[in-house]
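Two complexes follow with chain A in common, the first pairing it with chain B and the second with chain C.
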Partner chain A sequence: MPTMSVNWAGRILTVFKKEMLSEFRTRYAFNAVIMFSLVTLTVVSFSLGMNRPGPEVMAALFWVVLFFAAASGLAQVFVKEEEARTAGYLRLYAPATAVLVGKIIFNLFLLVCMAVLLVPLFVILLDTVPQNFILFLSGLFLGLIGLSGSTTIIAAIVSRASVKGALFAVLSFPVLLPLLVAAIEITLVSLVGGNFAAAWPPLQLLLAYDVVMITLSIMLFDFIWHM
Partner chain B sequence: MSISSGRGYISYMYQLEVADLSKSFGPRRIFEKVSFSLNTGQGLAITGPNGSGKSTMIHILTGLGRASSGVVRYTHDSNMLSFEEYRNRMSVVTPYHEFYDAMTALENLDFYTRLAGLEVTGQEMMESLRTFGLGERGRDRVAAYSSGMKQRLKYALALLRRPEILLLDEPTAYLDQSGKKGIFDFLDSVKSRALIIIATNEKEEAGFADHVCQLGG
Partner chain C sequence: MIWKWFIFAAMAAVIILAFVLPSPMDPRLSLGPVDAYRIFYFHVPAAWVAALSFMVGMVQSARYLKTKDMDFDRRAVAANRLGMAFSAMALVTGSIFAKMTWGEFWNWSEIREVSIFILLLIYGGYFALRSALSDDEVRATFSAVMTIIFTVAALFLIFVLPRIYPAFSQHPSDTIVDNEGKMSLSPMVALVFGLSMAAFTALYYWLYEITVRGSRYFDKNRLES
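Presenting the complex of A and B:
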């Protein structure tokens, strides 16, 4: 057997590059995520007309759009491997952790692309400008890390189930609830112009959520992937 | 103990020990108390009628499938190998493992060899594709491949992985005569330094094995 020369970072990068290449050529998740964001925001904008709800509703609306857009695209990340029967070689020839982390990073990249498109649209279509933009971006980025980590591991669980159906929604609701509550809270504070001190408790919660979720995912993935 | 091969690398003596292996799906028993032992340089043909559990047996031997009872143990110098250790020495060709359609053959080979930590150059990948008659089609997406070409590509990957444990399920499925000849040449070249298990009902394929394990009979 030749020497093992590729380190862990190299293997994770290999999985990430494969995901990018496949996505670039098929636009499987990208189109779903972008179309969902665009359609939802446009529909909400038209239905609200000139009546703009308060920042509480706007903050919740922003994260609801993000969550469902993520669910529409990222939930398929492992199911498509099973359906195309590519999961077998991946299980045999790739270390499980490299597969998981590579896919989490790819999902995060996709979510960041979505957010880059979604945030200006949110500001323009819903006429809602965050008063503390740095806090808004901090909460958004921490939320996206948690969202990519949790949707990836839930997608892995769903892909191993015989009846997939609405399993993603059922599993993700309790898992993502703390993340959504904290992220909405931070977004609300940023919309009304609050400072970091005002948003510190949800920021701490979000940071802890990200660390716990990604650590747990790495610990559990080998079992889920090979069960 | 090690065997020097003519291909510029050393292969080691491995042993596969299967003891009292049984598999059931619910109340339906597929096979029961199958036992055999195999060393590097030896081949085993698993034969039996449709539904007798040949593919299931291969799946269990890859380490990805679970037996209902019994033991599968890969050892090297009496030391048991972990899943990580033996899968790095294993190549698997089955009809139910596929490549990425959106990627070219070369991209697929590059992806899997990189993941395995193998140092493989583009020239070696092209050489491997040429060995199995795909030299001109390396830059084509796998989506444009026929079933036979996909089967050849699986062997190109197996060749690059320099297998010491080779698990084959219906090894010449979808292949024409030239494809079959290429596969038989490949099996001839690795036979002395690999442990080979073939699930088949074809006499020509089973001919590469020293032992036969008959299921369902």
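Presenting the complex of A and C:
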């Protein structure tokens, strides 16, 4: 009888550490996400030129940049396991849930790194200062949790497919659409200086989305991982 | 066999009656040409079948995950294929109607238009995923998992978003049941509409069974050869 009490926190932490280590060696996903967000932001800023569109457009552009930057690098967590043929070892070592949660946390870390770089650049290049910075950050963080929480399982799905990058974006977009709508709304409220009460419905939606999507991923991941 | 005759007779009756009877819309309340509202007899059943098919696809996918029986995968694929066709039908007819009555083909604030478009995107992703996976079992499992994720995301979009953003909607929603919860259709319109719903649903069921049977034969012959 194998021991039933798995040390979940320990396993998740180990998967996360392993991801950090292997990412640190190649820096593939990190570079892809950072460079992609820089390039998109530059294109947006450059093509706007002297025009300063209103906060509605700015909030939408900000999340478009985030979405495509995320789509460029987040699939890598599972794709690299298939390419290096290490998925089998990971299956032996850790239970499915620990693998998934570890990788969600790693993707979240990647996105937070990207946001740390992107937000100041966004403020500088596009001259858009969020009036309510705390609301801006909480909307951003909830959005990033949802981004990594719902796309990590899609990364596992596309890692076995023959066309990975394009498929990842195609499958992610319909899943992420409720998140994008809510996150853009929160960002818009924070740009014009509204308080938490004004952004409460989309905040609730975003929170519910994060919880539901992560739970659903954990429930469904067993089917994918042991295939 | 009797089904086919029912579908034929009902469809023929619906097509004739939809154009012979006066338009279901009161001319005093009509925006644009009153005859445009005849689309009600075809657009609403198509949208209903699209929604039904999406649900069938989701249920069959869940059953596949539970039993790992390939037949449920075939059923899910058949439902999604037909769902795609009927969604496209509802989208195109709705868009033409929107142009004739509200003056524009497309409006992003209309949640029904947006959600049926998202449905098409979902089907596109589903079939793109299926064609990118080569192993039968992996393909069936992964696309079933993806269907369930899509369904939950679509539920968020369809049920939660309009409650949070009460967007300006021009879509007639009080056509069948009015604001007091009573039938607002005249008896003749209700009869034709009911017949049309029944005919579309029967047509869907017939097409669904044929598609499933076809793919069963296809898989059997592929395995034997």
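To be clear about the criterion, the second predicted complex is superposed on the first by the 217 of 227 C-alpha atoms of A that agree within 3 Å, B and C clash if a C-alpha of one lies under 4 Å from a C-alpha of the other, contacts with A are read in each partner's own complex, and residues count from 1 in each chain.
Everything that follows uses one rule, which is that a contact is a pair of C-beta atoms (placed from the backbone, for glycine too) under 8 Å apart; a residue touches a chain by one contact, two chains touch by 3 or more.
Quick caveat: nothing in here was measured; it's all calculated off a predicted structure.
Of the two partner chains, chain B is the only one touched by A:R11; chain C is not. Legend: residue contacts after superposition of the two complexes on their common chain; A:G49 is shown touching neither chain B nor chain C. When the two complexes are overlaid, the chain among chain B and chain C that reaches more residues of chain A is C.
Judged by the touch definition given at the top, the superposed model places A:F173 against chain C, while chain B stays out of reach.
When the two complexes are overlaid on their common chain A, residue A:I154 makes contact with chain C while staying clear of chain B. When the shared chain is aligned, chain C comes close enough to touch A:P202, but chain B does not. When both complexes are aligned on chain A by C-alpha atoms, no chain A residue touches chain B in the first and chain C in the second. Residues 150, 153-154, 157-158, 160-163, 167, 170-171, 173-178, 181-182, 185, 201-202, 204-205, 208-209, 212-213, 216-217, 220, 223-224, 227 of chain A are the ones touching chain C in the complex. Those residues of chain B that touch chain A in the shared complex are 9, 11, 62, 64, 83-84, 87-90, 92, 94, 96-103, 107, 111-112, 114-119, 161-162, 164.
Chain C contributes residues 65, 118, 121-122, 124-125, 128-129, 132-134, 137-138, 141-142, 144-146, 148-150, 152-154, 156-157, 160-161, 164-165 to its touches with chain A in the complex.
For chain A in complex with chain B, the residues that touch the partner chain are 1-6, 10-11, 14-15, 18, 21-22, 25-26, 84-86, 88-89, 91-95, 98, 226.
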